[in-house]
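What follows is one structure encoded as structure tokens, with my remarks underneath.
Labels run A, B, C and D following the written order; every chain starts at residue 1.
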Amino acid sequence: MIRIGLLGAGRIGQTHARAVAALDNVEITAVFDPVDEAAAFVTALTGARQATVSQIMHDDKIDAVIIATPTDLHADQIEQAAQAGKAIFCEKPVDLSAERVRACLKTADKAGVKLMIGFNRRFDQNFSKVREALDAGKVGNVELVQITSRDPSAPPIDYVKRSGGLFRDMMIHDFDMARFLLGEEVVEVSATGSVLTDPAIGEAGDVDTATATLRTASGKIAVITNSRRASYGYDQRVEVHGSKGMASAENMRPTTVVIANEEGYSQDPLLDFFMERYAEAYKSELQTFCAILAGEERSYPSGIDGLKALELADAAVQSLETGKSVKLS
Amino acid sequence: MIRIGLLGAGRIGQTHARAVAALDNVEITAVFDPVDEAAAFVTALTGARQATVSQIMHDDKIDAVIIATPTDLHADQIEQAAQAGKAIFCEKPVDLSAERVRACLKTADKAGVKLMIGFNRRFDQNFSKVREALDAGKVGNVELVQITSRDPSAPPIDYVKRSGGLFRDMMIHDFDMARFLLGEEVVEVSATGSVLTDPAIGEAGDVDTATATLRTASGKIAVITNSRRASYGYDQRVEVHGSKGMASAENMRPTTVVIANEEGYSQDPLLDFFMERYAEAYKSELQTFCAILAGEERSYPSGIDGLKALELADAAVQSLETGKSVKLS
Amino acid sequence: MIRIGLLGAGRIGQTHARAVAALDNVEITAVFDPVDEAAAFVTALTGARQATVSQIMHDDKIDAVIIATPTDLHADQIEQAAQAGKAIFCEKPVDLSAERVRACLKTADKAGVKLMIGFNRRFDQNFSKVREALDAGKVGNVELVQITSRDPSAPPIDYVKRSGGLFRDMMIHDFDMARFLLGEEVVEVSATGSVLTDPAIGEAGDVDTATATLRTASGKIAVITNSRRASYGYDQRVEVHGSKGMASAENMRPTTVVIANEEGYSQDPLLDFFMERYAEAYKSELQTFCAILAGEERSYPSGIDGLKALELADAAVQSLETGKSVKLS
Amino acid sequence: MIRIGLLGAGRIGQTHARAVAALDNVEITAVFDPVDEAAAFVTALTGARQATVSQIMHDDKIDAVIIATPTDLHADQIEQAAQAGKAIFCEKPVDLSAERVRACLKTADKAGVKLMIGFNRRFDQNFSKVREALDAGKVGNVELVQITSRDPSAPPIDYVKRSGGLFRDMMIHDFDMARFLLGEEVVEVSATGSVLTDPAIGEAGDVDTATATLRTASGKIAVITNSRRASYGYDQRVEVHGSKGMASAENMRPTTVVIANEEGYSQDPLLDFFMERYAEAYKSELQTFCAILAGEERSYPSGIDGLKALELADAAVQSLETGKSVKLS
């Protein structure tokens, strides 16, 4: 039996708890959340005891932690867990400062613990199938990746202010996806952005509509578009063009129903947001983390992947501000 | 807390046990299966004790039974449960003899117990959404229903022999779906069938490819096609044409991935079979049964619905044999 | 230069004239239509002279006739043309009486002239591509054909009265398509129909919603559904299921535009009616006729095909009236 | 009767000749092409006489010219035609030098003649329908335009060398489309590109895979991706996101046929290239030009539109070379 301590029992922490509960030979042993109701929910669901972060870190029977606390706590908790010799699953981003992330990774590295970052989209059945198609050579050498990612609506302004901005909060998923699909490191980034959906976002120093163009050393290109507005649901698509052809992953809908009348044919809007769209991905992600804990060899998004995505986000912000493309070392 | 006894812990019984386990305020208290491993699986999953049918029927703390045993046991077990005053969920078909079904329903009726039949497709998110569209008047008055239902491959010949034949075993789902979508009772049936996929099916006295045409008193028409062969997956579609337009439910695939190359565009085959395609429907079905047990008013497929579908199957068999359409009283 | 006489210069006659005008080495030499404006239109378009039917039949320089007159004139004109030794393209149906058609074919046969029937749908790029897929073995042995054919709205009652009824006027195209796709002669027909769109159609002795089921000697099945109502455009689809898979031809739309908003995704209605949907088919059909005149070997719908489709329509009418399936000799 | 002189009778000149031939009250009176066969083809098709450029320019009965000669002749011929008082339809680009184009437009302006540029995609039924949807307010205020444009394969290296490069030869169509869909002038351009399909393209000083990002003064963004390689056909798509929703135009295929087997579902590759994909657009374009000649008020791509697209191409080249975004005055 593998024992896991859960730090943070909000919406995403509960999702992870449910995913673990459905697996064999693994359990949530202890849960921490300053909001008692949240922790109690996980307790009721899994039988885990409530505990402080420190108790979890010092419990020798706990093999691993899942960090689903607010972003500004991630880095400290990773370091504590690393020093306590526990394997770590941490929600993205590790931290909003690349320097802090590097320090953090060094600590985890020194401690020799596994660190997996919650880039859940890599586990989406559609995107992972695209990656399988690439690995199987179905599109030949990758040349151009196009990623469209649009939220149904903007988060609250308070969230926007704390988020590190669209590039570090939202597009960071797409930076990771671009790396996942390009199969080669990015060496140059250029980006632009606008405030089109809500002036308050601009007042908070952020943009709500943005695009970034990435290049690798061999000249492969990725283009990402993001918006905080999509009236028709959560728009999440990728397409990868290569020397032999193209692989794309289209959106998902709640049903396959089509209604036709004199105005034409109509279909449902898309699944509304990430908890629905990526429901299976969250399960698959935790299933992978638990498989790793059990000693299986699996590919997973590492701390380095978390760092690289943040570096791309930082470069995009710099490009937005300077109007110049930014080279990465 | 509502307590349920599970009769039969094979594949479908286990599916129902899992569905119940995910619900609040309801539990599988006892489970019967002559195969010890099957019963033990449910015990491990739910904490239910193993018991005999008789023990379950005589346990006053048990409110309801789920009957997932072989078809030839259904009718007896319905009658026992009815006499014991328990609510009943029974897999389709109730029995292969319409007369026996009628007797059974009479017993349940006299006992005043609820009887729900496992026409799981009514709970599929796609088909139920089509029905909602009809109820909302989106296609106007229904005129023509087309149902396509194709299994990936034929069941073992042993199963074919015991099954009551394609019309009573496979198309019975579509007869129920036709009634669900027509919104009016069928008064006339004509059917035809062939042996095209495997001569052994013909030797067993059955067909593997068949079609039935149903008419209601007001002239609405439903056309059903069935086959035991579909190389591209489990093909399950309906379309409903009315005075104002059309509503259809298309198939489901494991992913939304499209690969394009010089040969064209390609997509996954369909979900392979009913356990995948109707996974959500099975959950929703048991969720409805439990809601009914908890006193909620919900529409559900009743014993009468089970009988009507069987009568349509019998009429189809008669039409196949005589080459004449068969009138229903 | 091949010279053609055009009998009938209404909408379909004009379409044929335009198709011929676009081809090399063939011309419309003479045109007959009792409506002077109609004939004059063709004259202006092609330089053809106006002429009587008799003048066309007796003009030795005319190699072939296109018969696009009202149905009740077809048989006589075929016989006149055959006796004059001219190749014949005749719109469907040859006649509403199968006996009359047989006599007609005998005359053409004796005269040794080519007779092509205007089953334009065989030349539709979609349906002909399905047939190519069948010929290439892509679906294996054909088992089940499903044909959906729905007009946007019913023709005028006057037309209905003269039409020979839905089975001989509308479903006759689908009977031909079924034969085209089954690859084997039909030996048994059963049909049903209703009056659902307009009571006046019933008063005229016809139905507006109908279905027919066809069987071949080896047990292949075709199911056809027809309606005189489709608010969303001209609905014309086929699907062919075989031992190895399925080939289908979907509908056509004026554009590929998709609009998405909070209500979902929407697309254009279908192309409105046969002149739009089958525009390319009409051209391809006449192109084939002219290729045959020029001595090329091409497969085309013959007089026998016209007769067979009518016999299926007659059998369907008989089945509708008797409630029994009808065997064909 | 409007009389047109055709300069250049190659593939595109012939297409225009055919389009004019199908219209009433307009004719190709004279045709010039140094290749006698090409000119003779148009003569045979339309009855036009062969003539020199000078003869066409000095023929007072000729109202308008269609310029379909090689690019390096366009500007001179526009100026000659303008000075001769003739309306002008000119294939894109007017010239590869923006300065030369400006001089040219000044001449045409001074002469008061109409000048239409052959941005045929504005006339594509799909893209023009998207524009109609925008004009009808169906997506609200435009925020983000995404344009995907991929040729099936690269042109000959000789052509590449003379073409002015991918941005001026290929993406110029997309720059015009971006302006057509943004509804606001672009003020900033950034671009990148790679040589991925053929090193010879790089040796010729060009790229074969490229992307450009455009911004308007109010912050609207357009992202264009281009490639000289698409194994699955001619890939031409746009999507426009606005405050209320999204409008997209998808690709076109030769048929609607779907084949399903155990490997999944497959469809045709796309229409192969621009002569097929834009066949209707070319007709509609010339029909618009002739309508303008006849005095109708119609919106059309003007000389200014030709200039603006070229300026965007020049800016993209500059951005590619400098790694900086380029501001337009």
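Definition applied: a contact is a pair of C-beta atoms (placed from the backbone, for glycine too) under 8 Å apart; a residue touches a chain by one contact, two chains touch by 3 or more.
All figures in this text were calculated on a predicted structure; none of them were measured in a lab.
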Practice item. Count the C-beta pairs in contact for A-D and for B-D, then report the pair with the higher count. Key: A-D
Review point. Of all chains present, which has the mean Cα position farthest from that of chain A?
Key: C
Point to revise | Distance from the mean Cα position of chain D to that of chain A, given in whole angstrom | key: 41
Practice item. Could you tell me the distance, in whole angstrom, between the mean C-alpha positions of chain B and chain D? Key: 57
**Study point:** Of all residues in chain A, the ones touching two or more other chains
**Key:** 231-232, 244-246, 260-262
Exercise for review: Name the graph shape formed by the protein chains and their touching pairs; answer line, ring, star, complete or other.
Suggested key: complete
**Study point:** chain D residues within the chain C interface of the complex
**Key:** 125-126, 129-130, 133, 138-139, 244-252, 254-262
Revision key, fill the gap. Per the touch rule above, chain D residues touching chain A in the complex are 141, 143-144, 146, 148, 150, 188, 190, 192, 194-197, 209-211, 213, 215, 219-221, 223, 225, 227, 229-232, 235, 241, 243-246, 323-325
Check your understanding: In their shared complex, at which residues does chain A touch chain C?
Key -> 231-232, 260-269
